[in-house]
Amino acid sequence: MAFMIRSAFMKSRTVLPGLCVMRTMSSGGPTPPYTTLSISQPSSSVTYVELHRPEKRNAMNKAFWREMVECFTQIAEDPECRVVVVSGAGKAFTAGIDLMDMASEVLQPAEGDMARNAWNMRRIITKYQETFSVIEKCPKPVVVAVHGACVGGGVDLITACDIRLCTQDAWFQVKEVDIGLAADVGTLQRLPKVIGSRSLVNELALTARKMYADEAKDSGLVSRVFPDKEAMMAGALEMAREIAGRSPVAVQGTKVNLIYSRDHSVAEGLDYMATWNMSMLQTEDVMKSAVASMEKKNPKTITFSKL
Amino acid sequence: MAFMIRSAFMKSRTVLPGLCVMRTMSSGGPTPPYTTLSISQPSSSVTYVELHRPEKRNAMNKAFWREMVECFTQIAEDPECRVVVVSGAGKAFTAGIDLMDMASEVLQPAEGDMARNAWNMRRIITKYQETFSVIEKCPKPVVVAVHGACVGGGVDLITACDIRLCTQDAWFQVKEVDIGLAADVGTLQRLPKVIGSRSLVNELALTARKMYADEAKDSGLVSRVFPDKEAMMAGALEMAREIAGRSPVAVQGTKVNLIYSRDHSVAEGLDYMATWNMSMLQTEDVMKSAVASMEKKNPKTITFSKL
Amino acid sequence: MAFMIRSAFMKSRTVLPGLCVMRTMSSGGPTPPYTTLSISQPSSSVTYVELHRPEKRNAMNKAFWREMVECFTQIAEDPECRVVVVSGAGKAFTAGIDLMDMASEVLQPAEGDMARNAWNMRRIITKYQETFSVIEKCPKPVVVAVHGACVGGGVDLITACDIRLCTQDAWFQVKEVDIGLAADVGTLQRLPKVIGSRSLVNELALTARKMYADEAKDSGLVSRVFPDKEAMMAGALEMAREIAGRSPVAVQGTKVNLIYSRDHSVAEGLDYMATWNMSMLQTEDVMKSAVASMEKKNPKTITFSKL
Amino acid sequence: MAFMIRSAFMKSRTVLPGLCVMRTMSSGGPTPPYTTLSISQPSSSVTYVELHRPEKRNAMNKAFWREMVECFTQIAEDPECRVVVVSGAGKAFTAGIDLMDMASEVLQPAEGDMARNAWNMRRIITKYQETFSVIEKCPKPVVVAVHGACVGGGVDLITACDIRLCTQDAWFQVKEVDIGLAADVGTLQRLPKVIGSRSLVNELALTARKMYADEAKDSGLVSRVFPDKEAMMAGALEMAREIAGRSPVAVQGTKVNLIYSRDHSVAEGLDYMATWNMSMLQTEDVMKSAVASMEKKNPKTITFSKL
Amino acid sequence: MAFMIRSAFMKSRTVLPGLCVMRTMSSGGPTPPYTTLSISQPSSSVTYVELHRPEKRNAMNKAFWREMVECFTQIAEDPECRVVVVSGAGKAFTAGIDLMDMASEVLQPAEGDMARNAWNMRRIITKYQETFSVIEKCPKPVVVAVHGACVGGGVDLITACDIRLCTQDAWFQVKEVDIGLAADVGTLQRLPKVIGSRSLVNELALTARKMYADEAKDSGLVSRVFPDKEAMMAGALEMAREIAGRSPVAVQGTKVNLIYSRDHSVAEGLDYMATWNMSMLQTEDVMKSAVASMEKKNPKTITFSKL
Amino acid sequence: MAFMIRSAFMKSRTVLPGLCVMRTMSSGGPTPPYTTLSISQPSSSVTYVELHRPEKRNAMNKAFWREMVECFTQIAEDPECRVVVVSGAGKAFTAGIDLMDMASEVLQPAEGDMARNAWNMRRIITKYQETFSVIEKCPKPVVVAVHGACVGGGVDLITACDIRLCTQDAWFQVKEVDIGLAADVGTLQRLPKVIGSRSLVNELALTARKMYADEAKDSGLVSRVFPDKEAMMAGALEMAREIAGRSPVAVQGTKVNLIYSRDHSVAEGLDYMATWNMSMLQTEDVMKSAVASMEKKNPKTITFSKL
């Protein structure tokens, strides 16, 4: 599969840079062997993952849950990739879980031994949780750009990303209580650590009301709002290029330690950081960057080896 | 006592719905056997708890600390209740601890063995901490609506609630340093996990300055501000009805897991969530809700069994 | 050394109070034996620490890292001091690490055994982390006032302080990725626990972009913005006086417990708090403060013993 | 109820001391209002709790689970009590849960909504867990003396005690897998922290095999083995007297901190300990004990105030 | 691959039961597609995994590290398997890592950028750690039977198993310091939680001295010692049959919760246990087992459904 | 001071090796500037620290608490030292705290404000805790050899060491309850993590009874018992030489990670280990050791660079 995706990258490399690329990319449909994702490389060291079932508003069907794991496992290993941009094709980011397609897994008949059903259910939930946890385990930063609806599973997805952007017409909905369940693939765990207002988190999760772009910006869910999708994708790509231009040792070490710190005390985070950097500071990238810095050169002019 | 409160619910059930009820409720005085709390049921499955010592600005006397525990212990067990609204009667939400009434407990004479006094003091503090922790242990969501002053113990109380609303004239004050002590019944533990700005938390706790409604909204302490108390109570009741109309399995599981996640790493939260939902997803509520969702019906039209 | 600093306090005590003092203070240069810090006492019980290498934009050289530890270790022990104000002399708060001066430590030649280099590097990082952790271990609240640039190590420094203020012209930059490394003396550990928006934290740390005063205020990094440095220093001093006027038992106990709570669950924080206050509530300060409160006197009129 | 038990203490106080008392005690039957426990005071400051359903081999019925909570809650508050001894009347320590009596609670019909049954089951388990956790929350040391069978719930009980003794004919059995369930009221949580060999813990829990006194001693489950029950009760009482003769501030502080340390890192345990002792070291008991120590007097000759 | 292994099970099912099977099994060589492991089913619901490179004293080569993950991942999913027995073919359990075969991975040339080498090394270590963590993640109990040498990686392996048995001639050696490294695939993390004497753990890990069977038994590393391999394999199989005969819901829930408890406080372990059993207690296995228990039947006579 | 101690090493280097040295060492008295410790180097890379107030049975006076910190801080930094042996001069290891000398610190008059006394007491306790924590923070393994009495503070000391040995006439006593206090400088935190039997730990701490060598060995407190002091010192030195002869990168990394693992879950310990070894495995020591291992040479024949 590695070969196929790499060749998909090759194709997109030949087209025009920047915005044009972005517009072109989504026209093509899913990148085989994927059926729900389109993968391309709009810029050097930047991988672009587009949710691509526009006719279903990118609803998450069985294939999607599996393909996300495959896709991000491969991205994590791909030395060409230093940063990822995620967005959705068509009119909305995602309508969330595709209930029709998933019903057979989630809505099980109340037959057989209850404990055995529970055992099986736990395995399924754990597997689905992994779909978004892979984003976090991937050491490359992931920028997610949301337009239109971002519902249910969509919120689980974006809270596992590192940087969130949206358009003025975007809206977010923690939908799960409306279908009779507590959100179980990440929203309840990550949203409170992503937003500053716990009252708002609780309100969203308990009432399933929509939150629009301005409130998303004020609350810190997204760090930037753009007037429309074109502007947002240009902004996302520009941000991705900024990140891709810096030392991958520095950038990916930063992501790994930011996530570690979220889940530990400050003292534990500092200890881990010192242990991490005892080797990482010995990289040639520091010397290269320090020299460039003293010479007042832009870090993006430096060539860093692959990681 | 169960009978008495249930009959209090019965009475309030016969009055007119919505706003009128709310206005009516507070006229009555405390609900026996309580002397500081008025309990009613303004709407199906909604329990309304009003701090009711208006002549003392709802200052927290000895009776209050005990009655809160009894009240929320009972609410936690009451299958009729799916959501709670808390507010204060009279001109202010609460003036905080009633120093006159509490002095005998808190201001002990410096006699006898110091260690034995300390031992006793620790037992008292632990007991008072429980007064607000019961709100958190109660699996039903608690919406608190603040108008006017919310001082000292009032901040301890509201940070243990799930959703915070206030009026334009509300103000908040972490008052404890002004009376020579570090706040010890919850504010220092919960406020930093409720507000996004640690600098602000520290400023409030170290200077005892007042914070007004706008800053409370900007900082995320409250998620909505209303022009006056009437509008706020209508808003709180509407929000409570939204929550009460959804599956109690989903709603209460959401609260339990949101609180668990606050105190654990994301990985631990996900593991607990999967173990929780291995049974809870087998509820009939999911099927009922999923069917309603596919038929585009409002979740509130579904009848869910008691929990 | 204690004598020298105390006599520095004596000198500053004789000058005029308030704003004038503040302006005077920075004129003097570093306070011996320090070469990068100026220490004074602008007001009773308030210690003022000024980064003082204005000709180098207060860049952090080898001396600075050592002197901060000495300075705050002494402040922690000084019974005269109840609150600390930190700011920078000259045109900027700080330009961050002084790469020229520090290069010999950080940019080691790739010689010798890799593991032994790593071992040595870990010791250095741990030592530098301590430079800012001493601020946190000092039980006296630290108010930091930022104007102009606050770059790299400057962000590490201010996130270890308790209250952050800035001027309208201040800007902040997590600069480390630009010099090829993951920030390792505190920013990645503390910034996410100081700001409400994780998306913003990640964006700042991964792109090294500047953040200006308004965004710093909106995101909660600072709790107040002032039009210029003079106004800010007046505000900082006023805030310091408010804090210094309250019971040091209450104030310092509040700081200790706020930091404990950040790194523990709510239940653990409450247990520690009860164990803390079983002795601290037996202070005479509570009685003094309670009496003043009932008599409607300002807490600042009370005389509290040294701690 | 306090009065009744106190008067039970009074009665036993008048009989002869030591061994005779012990033999006498168990003849009497349960102490009203308890139906499964016999409470007495064989020696000054020593409370003796005997499981007392000998005709049912002290099997744990519904009353037992409730009475243990009441009994230990009261002991925790009783200033007369400084140490507790627990043993079983009749031929065995305990046969474990009384399946006949408990079946209605544990063996629920598979009717109604699965999630609601689960919700109810979780409440029941949590309540039963509390039955043994109260032993741990009680700050007075609890010495348990086991003879004959100690099965199922009996292992849950003894692992929550502080010191375990047994007779040569004692045997222990983690019985739960034999009735189709994972032990859920404490054994799986506490046994591995009580015994040094994890391989043995796993073997016992997974095979439900019996462990006899010698292996119990070798593995560290018990710290002493006695030839028969009479010798063991004399030994237990002697040990209880040793503990009761020491400063209750020292003894109970030791228990609280030993349990805290089990569940925290060494650094956290030390911090808690320092915060605990900042008041407790100010007790008069230290001076009394230090003087006695310098004078080579036995600590038991000192009179300590009640705690 | 599932098919191949299942058919391997089929073959071994037809041979004679018990000891004979055990002796037969090891004669066959590795089970394709494995090259270092022999898999069979000596008894109903029991899977037997034999390290099978006897000519190399079962030294762990590259293939082994990969095959263990595949093997235990499959066992975890295999509903036919309820318990696993692991032992080594030939003269010794294992000589540990096969340095000759692994050198290319572990002994990297000191070329290229140090940080990039470190990044790569961390990925390799993490992958190798997973080789033994799969044993722990597999919910079926794993009994390991050691004879002769158990060196280096062998200790990492057995500490990840649940029950450890050995022969009188077995010896154990934490060998890593002898080859210049700190053991990094589990021994330093698990051995201290498996043995009761920390002094012994440190001595073994710091001096690389051998520990023989008697000391292994006294220290609790193994829970039983057998005179020779034949007796041990018979004992291991008997123990496996005991476990396999009980409810898999009970047995596997017990393993999951024992491991959870090791890594959490008692309070957290109890909470998780209650959440686990709120569904698992609703299994039909409890009723079946309770009835058999009341009828004094052996649990092994009950037929439990697959899990 | 570094010079003085180094020259002390020089002197001892010239005397005869092994046992003779050991006997010689203790004759000398304290090594200036120390007054309670004698420091020497009996063997290459081995530092020997002897408690040296034999006329007071090595009771811990004010000087001792300070000198231990200085001594181990220096040892931690000394590249010549790879392992430490600790024992006591004269008739006993240590009689514990020197109550006469320490009384002024510990037995404070009950004057002044209680909270301020508590604040001061907490600072003192924290400082004393550090006296033994430095042993743990020192990355070189510490072997402690106990003969005769090891009382009170002595138990705090030895539980912070890595390997414990004793003579047949040694005895141990957790003495603190006898002087009216809960042990607060480490015993209650470390003893339960050092011994396998929690019942025994509790018994020792609550009754202050003596434990003799055999029970110390059975319980795992010590890992070896020797007939007399001469044999023990020879054994300790032999063990120290074994450790000193191995790669310091391997040995000290092992100690650091063993202590980290004690205070973290297995998963966290593995993560830290992988991050640690990503640099440490790149040491030349692995290659040197691997080559020696393949050539069947003793690791002690290899020359490792200083760390």
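Of note:
As written, the chain order gives the labels A, B, C, D, E and F, with residue 1 at the start of each chain.
Criterion: a contact is a pair of C-beta atoms (placed from the backbone, for glycine too) under 8 Å apart; a residue touches a chain by one contact, two chains touch by 3 or more.
Given the structure is predicted, the values throughout are model-derived calculations rather than measurements.
If you take chain C and chain E together, the chains in touch with both are A, B, D, F. Just one of D-F, C-F or B-E has an interface built like that of C-D, with over half of its contact pairs in common by residue number: B-E. Between the CA-based centres of chain A and chain C the separation comes to 35 Å, rounded to the whole angstrom. Averaging C-alpha coordinates per chain places the centre of chain A 50 Å away from that of chain F. As a whole-number value, the distance joining the C-alpha centres of chain A and chain D reads 52 Å.
Contacts with at least two other chains are made by residues 110, 114, 118-119, 193, 195-197, 218-220, 249, 262, 275-276, 278-285 of chain B. Residues of chain E touching chain F in their complex: 99-100, 103, 106-108, 110, 114, 117-119, 121-122, 125-126, 129, 133, 136, 176-184, 186, 188-190, 192-193, 195-203, 205-209, 218-220, 262-264. By the touch criterion given at the top, residues 112-116, 118-119, 249, 279-285, 305-307 of chain A touch chain E in their complex. Residues 272, 275-276, 278-279, 282 of chain A touch chain F in their complex. Put simply, chain F touches chain E in their complex at residues 141, 162-164, 193-197, 218-224, 239, 242-243, 246-247, 249-251, 253-258, 261-262, 265-267, 269-270, 273-290, 293-294, 299.
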